[in-house]
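Across the two complexes that follow, chain A remains constant while its partner is chain B and subsequently chain C.
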Partner chain A sequence: MDFLNLAFWTFVASTAGIYAIFALGLYVQFSMAGLPNFGHVAFMAIGAYTMAILVVRYSVSLPVASMAGIAAAIVLALILGIPSLRLRADYLAIATVAGGEIVRYLAMNLPDLTGGPIGSIGLLGPGQIALYNGGWQRSLDELTTALSAVIGAAANRDLTMALMVWSIVLVLIVLFRRLERSPWGRVLKGIREDEMAVTAVGKNVFAFKLQALMLGAVLGAAAGLLLALQIGVFSPDDYQPTLTFYAYLILILGGMNRLWAIPVGAVVFSLLYAGTRFLNFFPLSLIDSGSRAFLRLFLVGFLLVLFMAVRPQGMLGNRRELLLEK
Partner chain B sequence: MLEQFAQLTINGLITGTILALTGVGASLVFGIQRIANFAHGEYLTFAAYAGLLLNATYGQNLVVATAGAMAATAILAVAIHFGVLRPLRGRGLVATSLITVGIGLMLRDVIFMVVGPQTRQFEIDQTAVYDLTLVRISPGQAVAIAITIVVAPAVALLLARTPIGKAMRAVADNRDLAAISGIDVERIGTYVWLLAGALAGLGGTMFAVVQGTFDPNLGFQVLFLIFTTVVLGGIGSAYGALMAGIVLGLAMELSTWSGFAGGLEARFKPVLAFAVLIGLLLYRPQGLFGRARVF
Partner chain C sequence: MTPLLLEVDGVSKHFGGVAAVDDASFGVTEGVITALIGPNGAGKTTMFNLISGFMRPDCGTIRFAGRRIDGARGDVVARAGLVRAFQTARVLTRMSVLENMLLAAKDQPGERLGMNLIAPRRVARRESEVHARALELLDLVRLRHLADDYAGTLSGGQRKLLELGRALMVAPRMILLDEPMAGVAPVLAQQLLDHIQQLRQRHGATVCVIEHDMDVVMSISDRVIVMDEGRVIAEGPPDAIQRDERVIEAYLGRQGHADESQRGRPA
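Up next, the complex of A and B:
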């Protein structure tokens, strides 16, 4: 593939924006409230599945189905959070990654509900192809027509998608900047630093943690919806635990506790991730294209270890305000 | 129905013993190094392929292949300890967990790149079945039984009787008390990684042999079973992990017994195991046999 393929990079830009939204959910849970959620991908999965099932099986309109997907993620956050939020950090990590795997295994093994291992395309049962994003494509086309009136012939569906996703990212970042400085945000950071002290001044620590988990779940589900709509088909294998660690890597690449660094981390991550397609020089040319996927995942692991080792505060972070030392 | 019960019991005992042995290592590491090692599954994968190399490429029998895999994995575990985990100690629980996740991804994907994603199998007759009237066992299971019958008592003896084993349990139980009674905590930490690596090596080859075919996801699939074993037995408790592995293996197999309310469908076994793990973390983090205490 050509390195200067504009359509490809537009697609990468949309994906980067979606990952930024996903990582923002983790930012609320992990960077602000100090909850090491290792099963964030479950919110993505449940949002996408709820939306697709409602659209395909019950002909619910896309906006309503998307709202239902987000609501389902909130319910999952409550189910996971109410019992487990009292756990010590490493136990919480194990419990949440196990919770995420339960969601994935259920999606795989309840074919009557979810379409089973082949995923969303099998939602109507064998022999029929189920599609959920027809309505999305139509509204994107309308937006593209509107956009071409402004910027001319350069407008296309992928560009519209990328612009829309990044507008959402920008709005969210501005909102979260306010949120972070609000009393609510400061209580969360207090919990992260010293739970006992926050309890002592009369705050309900558990309620704040649960709210952080739910807000993160909403963002995770929103990212899951956007990703599902962009790609058009998904299966349980798309929600491997690895995806959660993409979000951790994005946080770490940007800077653990810098809101503005999340989009930067997401772009760097996506460039690295997509860019490995073009590394065709020796000795990497020895690796055949089938193994490239594994090379990419290796790189994710390597960068996780490297950044935790050398620069746990990330590229743009500030070492002074760092929760990892706890 | 009785035949099914006997068969499931045998299967459960085999899986359970392998889990128990792997769990002992993981539990001591968790207790002594304070590391929830998310890469532990990949140690098993590494072992399975090390064993396969000796078995299929160099034509060694399974006992030699297993011993070789144990040695290789022990070296790997100690190398990662000295190369990565020890220098990065003191970064906190979450940072350490993330680092082990990263190590696991690296190991798994290097293995994927080297051996490819296709399934492999050891050079044993996969079609043969030994019929022992009540139960039938495959040659792979027979080998697993033979090897674990030797290794499990050896591990128990090592922990119960030898000075090193006692020191390991002491450090896992109370690091500071162990240190002031003259135990070299650092040295024991290294030995624990050696033991955990060797047992992961045993577990990896045995899971590969018992399953018949395997791919580089082998270890990641059993990682949470290992975690469940560790937590069920009480973190840091070697004997607890031995018991817990067998209990878990039996419980998982017997949950599919048709005499038990029709039996759980086999495909929901992993879900059951995950649910048990979460439930345990919530309500008995000290394990089934442990006493409550603050870590």
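Up next, the complex of A and C:
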């Protein structure tokens, strides 16, 4: 494929925006409230599965099914959070790692409900191809027609999607910037620093942590819905734990506690991730393309280590704040 | 007699086989500075944890302003008007000194997520009140010049002052201070002492303080409660406590000669 393929990079731009929304969910939980969520991908999976099952099996309209997907993620957050959030942070970490894998394994092993290992395409059972995003494609086409009235022939479905996703990202960032500076955000930040001190001044720490977990779940599910709708098909394998760590990488690349660093981190990550396919020059061309695809995983790991060692505050973070001891 | 603001009645707390607090009972009168003293391991900090809702008593009742608070969560106790400070000051290091103060404000509608979106004006109005109060209290504890610094850059003594100021932001009826002078430079310690006395004189606050320095105990407290091995062994005005046989035996006698335990300070 040509390096300067516009359609390809438009698609990457959409994905980057979706990753930004996904990472924003983790930001609320981890950066704002200090909750270590290592199963963020579960919210993505449960959102996408709920939506697809309702649309395909029960002919529910897409907006309603999407709402249900988000509601399912909130329920999952409550199931994971209520027993573990009263305990030390480590317990949430354990619960979320397990929760993420449980969701994936359930999707894999309940073929009657989820389509099993082949994923959404098998939702109607063998012999029939199930599609859940027909309604989505039609609305995208309508939007594209509207867009072509403005920018002419350059308009296409992928561009519409990219513009839409990045508008959502922008709105969310502005909204969360406000929330972060609100008294609510201040209490979360306090909890991140020292729960006991926050309890001692009369705040119900558990309630705040649960809210942060739920809000992060909503964003995770929203990202899951967008990604499922963009790609049009998904399977349990798309919700590997590595996805959660991509979200961490995005936060770390940009700078842990900087909201504006999330879109930057998401773009850099997506460029690296999608860009590795162009590493087809000598001497890398000696490796066959299948193995070369794994280079991106090495690269992701290497960057995480490099950033942690050399620039722990990320590209835009504040080193001074980071180095203050607790 | 004035009614008791805090009543502790028959409270016990065991850790495994050890009774950290053993059938302890005492009362604290409103508007009075009470010192809680006793040798190491007497159960003073455990007592504070029980009163402030950070631990649940195994048995017994604790009443604050007539309301039962034993077994209540720490934040519920704090909102009821009983606020504690910790032995090692717990400041929020990666937040500014001012933010530390603002965080503690009561009745901020903006602490509800949705309020920031549906009633931003109400939130902003309360925020400006809270802001003014925070600066006032930072003046009181003489940290205003550091308002915008990270709390993590403060010295140990300054952290104790900040914690005191932060506790006052909650507008408490009673405040529990766990060794407020420990690890504090002498100049700051004197300031802290002044603040504690001012709290009562100006604001009518009730203070209960754990303190090891007998000079401090005798000079600031109106009443002294002595604990030993989990039990309350004496309770009374400071001069009577100083002469109490049981106290001398338990508290001073155990550590050797009285003058030695005072490290040369005049009793």
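Just so we're on the same page, the second predicted complex is superposed on the first by the 315 of 326 C-alpha atoms of A that agree within 3 Å, B and C clash if a C-alpha of one lies under 4 Å from a C-alpha of the other, contacts with A are read in each partner's own complex, and residues count from 1 in each chain.
Just so we're on the same page, a residue touches a chain if its C-beta (ideal position, glycine included) is under 8 Å from a C-beta of that chain, and two chains touch if they have at least 3 such contacts.
For clarity, every value in this text was computed on a predicted model and none was experimentally measured.
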For the overlaid complexes, name the partner, chain B or chain C, with more touching residues on chain A. B
Check the residue A:Leu170 against both partner chains and state whether it touches chain B (first), chain C (second), both, or neither. neither
Scan A:Ala309 for contacts with chain B and chain C and give back first, second, both or neither. first
Have a look at where A:Glu193 lands relative to chain B and chain C in the superposition and call it first, second, both or neither. second
Tell me the contact category for A:Lys203 with respect to chain B and chain C: first, second, both or neither. second
Give one of first, second, both or neither to describe whether A:Ser291 is in contact with chain B, with chain C, with both, or with none. first
Would you mind listing the overlap between the chain B footprint and the chain C footprint on chain A? 324-326
List the residues on chain C that touch chain A in their complex, please. 52, 54, 73-76, 78-79, 83-86, 90-95, 99, 102-106, 108, 110-113, 115-116, 123, 127, 150, 152-153, 163, 166-167, 169-170
Flag every residue of chain A that touches chain B in the complex, lowest number first. 36, 38, 83-84, 87-91, 93-95, 97-99, 101-102, 105-106, 109, 242, 245, 248, 252, 287, 290-291, 294-295, 297-298, 300-305, 308-309, 312, 323-326
Using the touch definition from the top, list the residues of chain A that touch chain C in their complex. 178-179, 182-184, 186-187, 189-190, 193-194, 196-205, 211, 215, 320-321, 324-326
Can you list the residues on chain B that touch chain A in the complex? 36, 84, 87-88, 91-99, 101-110, 112-113, 116-117, 224, 227, 231, 267-268, 270-271, 274-275, 277-278, 281-282, 285, 295
